[in-house]
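These are the structures, in structure tokens.
Two complexes follow with chain A in common, the first pairing it with chain B and the second with chain C.
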Partner chain A sequence: MKYQEKIDLNVVFPITKYITFFKIRFLTGLQYRSAALAGVVTQFAWGFLELLMFQAFYESGSGVFPMGMEQLAAYVWLQQAFLSLYMIWYWEGDIFNSIRNGDVAYELCRPISIYTMWFTKCMGSRISKAVLRCVPILFLACFLPYPFGLKVNIGKVEIIFFILSMTLALLVSVAFSMVIYMLTFFTTNQQGLQIVAASLAEFFGGAVIPIPFFPEKLQKVLNLLPFASMQNIPFRIFSGNIRGVFLYESVAMQITWVVILLLLGKYLEKKALQKICVLGG
Partner chain B sequence: MKLYLKYISIHIRSMMEYKKSFFLTLIGQFFVSFHAFLGMYFMFQRFNQVKGFTYKECLFCFSIVLMAFSLAEIFFRAFDRFHIIIGNGQFDRMLVRPRGLVFQVLASQFELTRFGRLLQAIVLFVYVLITGDISWSMLRIITVILMIVGGIVVFSGIFMLYAGLCFFTLEGLEFLNIITDGAREYGKYPVSVYGRFVLKFSTYIVPFALFQYYPFLYIIGKNTNSFYCILPLVGTLFLVPCYIVWRIGVRKYVSTGS
Partner chain C sequence: MIQVENLSKIYKVSRREAGMKSAWKNLFSRQYEEVKAIQNLSFSVKKGEMVGYIGPNGAGKSSTIKILSGILTPEEGTCIINGRIPWKERKAHVKDIGVVFGQRSQLWWDVPVIDSFELLKDIYQISKEQYNNSLEELVNCLSLSTILKTPTRQLSLGQRMRCEIAASLLHNPSILFLDEPTIGLDAVSKLAVRDFIKKRNEVHKTTVILTTHDMQDIEALTSRIMLIGRGRLLLDGTLDNLKEQVGQSNNNLDEVLAALYKKYKIQ
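So, the complex of A and B:
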């Protein structure tokens, strides 16, 4: 109950302070323009090689194609353009450092929730990176010849669902990373945790090959995991691969995971702060 | 050489101070390249072959590239953090020591954790050797060795080029990742899969195809021209322009003052 009162205090004070954290991160991210340009070039090349590889498989044509080449092109370009929104292997270095070197103690003295502050910081830096990178990649991808180009093949309703799903996917990704950040309070060795979490999320989230290319039995399991609720769903909605009833189911799944991961992260925060023991420094 | 071994033993001992962290990173490295393999496995389960290459053949190709890359990375990746060496003034200290610069940069880092990746490459390679249907001859065995050596040289050349360019930019160059990490990721399939442009690029500009594609064709028996066996050696010439860039960089170097 005591904890409940703390949250109420936050409601009394406006949430502007978190918006400030978001803004600081967002503006810092916008400063790295040459890094963004290099990122665009790299992402573009990677996307192209990826598509060429898939095309080679399509041309050899002996199997059943779970996604058309055009759908795949849309998926790959969105993936490259919004890479920084959903990448799990990107960790905020200063969060880990503050936990390890004890600076977190200062943060705890402030009248703010550590969870919410870090959450908004993560959102800010991810969004600012994506804003710089997505426009040139999407723009160029629109002018590529068939079947490599990016085309809008879906109706208005799906577009609305796509935007909703993009937002939910970002929330799932950040909430998932937050669980990992919170777990570092309980271990002095975060590196292994980080790598394992990131590599699971990458592979089962459809970053290496899209989920429809997995064996069917495995797909059924994967669709229930949080990893599938990250980049997989919005990109497949846009490419027209997810539609009909499956569309509503997928978005519902995303909402479920946002709630579960937020609650889990908050719970871990509470546990961590109860037993926190700052080691000198 | 003796001095280099001494440096290596120091690096290893310092890493062994954090044993748990070391092994976790090792396992992590293994998992990360395991993705690439699993992705390939699922694709071939669905499609059987790509541009006439079978699963086992591609796996062979992948293991060679991964092996060359991880070996190059273990010994030569120090060039990769060269912008840090320049930035913090470590390079100024190197200039006043009575040893070669390349030697000192290489000795400054030794990436033992990358053994995770190497281990993966070896496992895949042995798996293909046992289950694959490549008919081995003396010349083919020599070709495999040349492929790996050629690969190591080409990858180290790129690392060196990266460091050389750092002299001019003073910061890391992310886009060169296309030809290092990109080559590792996409080198799992024979280069010709990506079409004629990529094949030409990786024959004449950055010679991946010389150690990956052409000798590979000879080994799997798609091409009987034994000239293809020595192409990895031709590929090692790539080191020359990279070294020149590095030399020019060293000559023009002005300390950052920090």
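So, the complex of A and C:
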């Protein structure tokens, strides 16, 4: 008989414990099938209404629009399909609760970094929600008649940039919410922060109206903010609105924001742990 | 093993008078008061010792435990446990300690207890072999075999506490901090928990620091008692030392303690 030594991966690589958190969140998220179905219906209806509204503007307006109707359709459908990846108004309730009622004490007496643990948890739940919702929405959107349908109008290079940019946008979104989670250690109540952060991100991130529709001067400022490095960039790459040299520029901006937000979050974690005060006795 | 010197912890507590007027005033200038939860605390604990840590509510017991377990950073003083400063090397430090907060839960609410244990196995990077051994021993000693597959939310408090204690010992720590482990438990569960802690200490030479308001816990478990009041260490000795202080050795333990609190004016 051949003797095989089993290597316990978990003991060899410390990273595996964080993968466990990711897996748990991912699998938990997959269980909510009816929520996903409801989400698909809502997102599809919402996307359709949004497009109808824009079409009304396009037909009645005489001005030149910054995005063609086809580009806009691609943008809106991606936005609806991947809503759960980039929505800033979605918060992990148990993170806030653990800070508010002091259960974070237990998490602090584990040999883990709470930043990394919460980060992977957030990634897990966002990705699992998106996996269930994106397929039916994208599928249906492909069969819609011109100009409402979702069409691939970009080359191979852009596709690669799109995928890269999708990933970076997720990292920016999660790193941004991590900053808010960490700030909760200092404010004891999270609601104000939540609302302000979510509204800013929604409006200036192109979730309500795509950024090209903003006045040009404002756009220049918005492009420098972290919010523009979330959903705005990948969706516009896919719709063909960002191309050429702007591809590199936008992705570089995203990388910059990932780094800045990660460092800021880690710094706040350190500060928070130094002056932490476990609430509730 | 545990060396604590001149430890101090200060909390900022916001204060205001009742009523609209002061609430309004509080909007503009907030009054903070510094509360010294712990002042100049020094003690040391040897390996394998069981120490009872007692004192009235708000005396600083839980704060001490939280500092020793690396959760809180003190303002002054040092503390060295197994050669490490807990709050500076938190991750390395906590691998070697187990903590139970009687008033909180570390178990995952909606899933069977065994799933929480598996998660802890990954968090502490316990090898399969060691995990199986620890689990078997803990399941036997705490009679958990019938409740392992029950979701935490459906356990009684006594059952849950037994699981909590098992959860904090899976990685076989050399030090165990118990913050009110018997709070709210019935007589049978209390006895089971005490019995287990005692055995654990005998077999594994686990160092135990336990806070409690239940003097019977102290009597059953610890040979050494530390009394803390208003953040200061007032007494460090045996149960008999404690009784001598009040000179009423025939009274029951709760009365002795109450007399002691009165004597030190910490109530």
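Heads up, the rule we're going with is that the second predicted complex is superposed on the first by the 266 of 281 C-alpha atoms of A that agree within 3 Å, B and C clash if a C-alpha of one lies under 4 Å from a C-alpha of the other, contacts with A are read in each partner's own complex, and residues count from 1 in each chain.
Definition applied: a residue touches a chain if its C-beta (ideal position, glycine included) is under 8 Å from a C-beta of that chain, and two chains touch if they have at least 3 such contacts.
These numbers come from a predicted model, not from an experiment.
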item: Touched partner set for A:16, first chain B, second chain C, both or neither; value: second
item: First (chain B), second (chain C), both or neither touched by A:70; value: neither
item: First, second, both or neither for A:111, with chain B first and chain C second; value: second
item: First, second, both or neither for A:213, with chain B first and chain C second; value: first
item: Contacts of A:92 with chain B and chain C, given as first, second, both or neither; value: neither
item: Chain C - residues contacting chain A, complex; value: 11, 62, 66, 69-73, 87, 90-92, 94-95, 97, 99, 101, 103-106, 119, 121-128
item: Complex contacts: residues of chain A adjacent to chain B; value: 35, 38-39, 41-42, 45-46, 49, 52-53, 56-57, 59-60, 62-64, 66, 189, 191-192, 195-196, 199, 202-203, 208-209, 213-215
item: Residues of chain A touching chain C in the complex; value: 8, 10-11, 14, 16-17, 20, 24, 102-103, 105-106, 108-113, 273-278, 281
item: For the chain B and chain A complex, residues of the former touching the latter; value: 20-21, 24-25, 27-29, 31-32, 34-36, 38-39, 42-43, 45-52, 173-175, 177-178, 182, 185-186, 189, 193-195, 198
